[in-house]
Structure formats: C-alpha cells, structure tokens
Amino acid sequence: MSPPARACRVTPDAIDPRELLESSVTPSDGAALLFWGVVRNEHGGRAVQSLEYEAYAEMAERKMQQIADEARERFGTGAIRIVHRVGLLAVGEASVGIAVAAPHRGEAYEASRYVIEELKRRVPVWKREGYVDGERHWVPGYTPTVEKGD
Amino acid sequence: MSPPARACRVTPDAIDPRELLESSVTPSDGAALLFWGVVRNEHGGRAVQSLEYEAYAEMAERKMQQIADEARERFGTGAIRIVHRVGLLAVGEASVGIAVAAPHRGEAYEASRYVIEELKRRVPVWKREGYVDGERHWVPGYTPTVEKGD
Amino acid sequence: MVVRSLFFASFRDLAGTGELAVELPAGARVADLVAHLRRPGSPLASIPERPAVAVNLEYAPLGTALADGDVVAFIPPVAGG
Amino acid sequence: MVVRSLFFASFRDLAGTGELAVELPAGARVADLVAHLRRPGSPLASIPERPAVAVNLEYAPLGTALADGDVVAFIPPVAGG
C-alpha cells in the first residue's frame, strides 16, 4: 500500500497527534507508535526558553519521505507519517511527530527508532536555542554524509 | 517526580492521544512515545468485526501502575500513563494507549516496549472477538505467573 | 468464614455469574476454594487445577491462607493490549 | 551559466542573505562554487572547505558538474527532531 499523499510535511502549525495516528492506521494494523519530540527546558546545562526551527522545507519533505519509504521496506510496516514543525516553539511544544502503523508492534518500534535517528542525521532542519538571558545560538548538529565519493 | 493522579486507568471512553501525551510531558522531557494498540480486522486468518474488552478494573489499574512504576525506575523515564479501554470496539479503534515521557528518547523506547509486553502478561484484561458470521470467542492469552512459590 | 469469589471472561461464562459468596472452614487456603469450585457437578468443574488467582487485588499462590471477607478473583489467561 | 545558491541557518547568518545568484564558467563543479564563495574577503570565507551541499534537492559530492539554473543548497550540520 502506498502512503497517503503528503505523508511527510514541514509545517508552521502545531502538530495534531490524533490526526497523525488516525491517518496512518488502516484496518490491517494492530498497533501504531507515535514519536513526539518536544522542546526541553535545558540543553548542555543551560536554561532554554524557546527553540526556533528552520528547514529547507522542500528538501526536508523529500528526505523525510525517503526515510519513511526505507523504513517501510526494511521493517515491513504499514504507513509512516512524519511532520516537522518550523518557527518559534515554546518549552513543551512538539517539534516533530512520527507515526508508524504496523500489523504487529515489533516492527513499529524498530521502524520508529530508525526514522528518528535518520531524521536527525539527514533531514535539513536546524534549530536555534534562545536562552533566558536573550542570547541565541544554532545548535551544533550532524554533518550529513554524501553517499557517492567526491 | 511522582506520576499524576490516576496515571493508569481502565475506561469505557475513547482514548485521547493528545491528553495522554500532554499530561505526561514535563518541561524537562525532550521526547515522548505513545503506543497505540488498535483493533485489527483479522486474527489467525479470520475476519474480525469487533472486539469486546473486559477488565477486572480495580486490579488492572493497580497492575498497570505497578508496571509503570517498574519501567520508570528501571529505565529512568519521566511520567508513564497507561489507559486501557473496555467495552465493544470497532476495527481501527484504540484499545490501549501508553505514553512514556523522557528527557532522552532511548529510555522512552525501552520503557514503552517493557510496558506493553508486561501489560500483556499480567494485567487482568480479556478480549472477545466477534466475527463476521456472528460467532464470538475469548482470545487465548497468557497465564499470569505467580511470583512466590505455591 | 465467607470469601467473595470473582469470575471473569471465560470463567464467568462457565460460572454463569461474575461473583459467588463461598463459605469455607477456618484455615482454608486458596487451593481449598479451587477444589470446592472444581467439585464434580459444579459449573466450574472444568477450570484448571491450578488457575491464576488474585487475593485482594494481588496474584497469590494456591497455598495462600484465606480470611473472612477476602476477595478471590479467578483470572483466565489475560489478553489485554 | 548561473546557479542559485541557498544558505540556511548559520550559513545564512554569515552570507547575510538566504540566496545568491552566482555566475560560473561552463563546466564548473560544486567545488568551484565552494571555492568562489570561500575566496578571501567573501562573507562566506569561513565556511568549511568541504561543506555538505545539495544540488536540486539531493546531497551531492563536490565533484558534481553544475548546469545553468541548478539550485545548490549549502547545508550546515543538521539538528532536527
């Protein structure tokens, strides 16, 4: 079964967990797993007040769809949807939601973990932390590896 | 931090994924994982039309709380909430929702998996499948083991 | 003494009721209650010889001594989730 | 030929803009564009010698040949999730 249209999205809007789950689960699924990434109040020992997410949206959606397709094929799950939020987020708000539906739960756990790890390695999204003292800085991340030799 | 009051519940009402997540996540959490068990359209090759869940509610809530406490201690997560539905459910409806909040995602995956596996082994809940031809039967399950020798 | 016996799912179907008050001699254990319920002719004669049982909301071995007013639940194989 | 260069996050802060049109000689590769942007005095002089780059929405090695109208995005270390 192919995933629903626009299964993977970058959006400035709040992520709706019910919509993510319900649009992923089909009658042959017995479980779904929702990964919910949220803004923490501290990072590296420093108090975080807000997080600003930026994405290269067109490429990020393409990469998220590639990762979802890889996970579906590798673990044999049902639909996988990934929604990443951009813009200014407060502590406790969700930055990413990943729904993985599957006939059985084992595959859902493996695929969900695969998706979040790969997302952090390859999807062009950045975040800038704002501290209580007003300072901001870009959070150091992963340098994506280019598969073909250069 | 102690879990919110009535963190683990048996209920005849539909499970609300947003409420489960938001009541679990605190400002020091960076991730939450929601396990969402849903009614499948088949079991053992037979078409399932509905599933009827029954619980020994008072004991089930106590056992779910014990499992949540074990998982929090063992994996060092934040709050864990477990809601199990009872009554007649249609295909696609959620029978169980398990929210695990955690500072970091690794613990959330391990704890979530622990909770659903233990829930299936120990929590006094039963299900009766209804087939398209009108027949019903209790789904064979796990016999809980009594820890102390008898 | 009298104990409350609770039956769920397939055990309730057998018993024809979810609850029975059972009178037992002082000093009786869970195993004695099981034997009483499994006596020939009882609707519960076919339950396992060693069913999973909870006494006052906790799983308990068959050797557990019972007291007046205890709640003894008979737990058929569980299938939640 | 002219290629569109896109800059995000810390690279955009350096560039002072999210996008630059860069004229390059025919046959130029991604490495030539990088060298051009890193020339002394350029606001992007401090970007890595081998940055992660996407050409037309896919990660591409520095040896990739460019064509007129290509979109070349400079991808600082990613930190989504």
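As written, the chain order gives the labels A, B, C and D, with residue 1 at the start of each chain.
Criterion: a residue touches a chain if its C-beta (ideal position, glycine included) is under 8 Å from a C-beta of that chain, and two chains touch if they have at least 3 such contacts.
In this text, all values refer to a predicted model and were calculated from it rather than measured experimentally.
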item: Topological distance between chain B and chain C, in contact steps; value: 1
item: Greatest separation from chain B - chain, by CA centre; value: D
item: Interchain centroid distance [CA atoms averaged], chain A/chain C, Å; value: 49
item: Where chain A and chain B are represented by their mean Cα positions, the distance between them in whole Å; value: 24
item: Chain B: positions in contact with at least two other chains; value: 37, 116
item: Two or more partner chains touched - positions in chain C; value: none
item: Chains grouped in pairs wherever the two touch, ordered by label; value: A-B, A-D, B-C
item: Complex interface listing, chain B residues touching chain A; value: 16-18, 21, 25-42, 91-92, 94, 103, 105, 109, 112-113, 116
item: In the complex, chain B residues that touch chain C; value: 37, 53-56, 58-60, 62, 84, 95-96, 116, 119-128, 138-150
item: Chain C to chain B touching residues, read off their complex; value: 6, 8-10, 13, 50, 52-54, 57-64, 73, 75-81
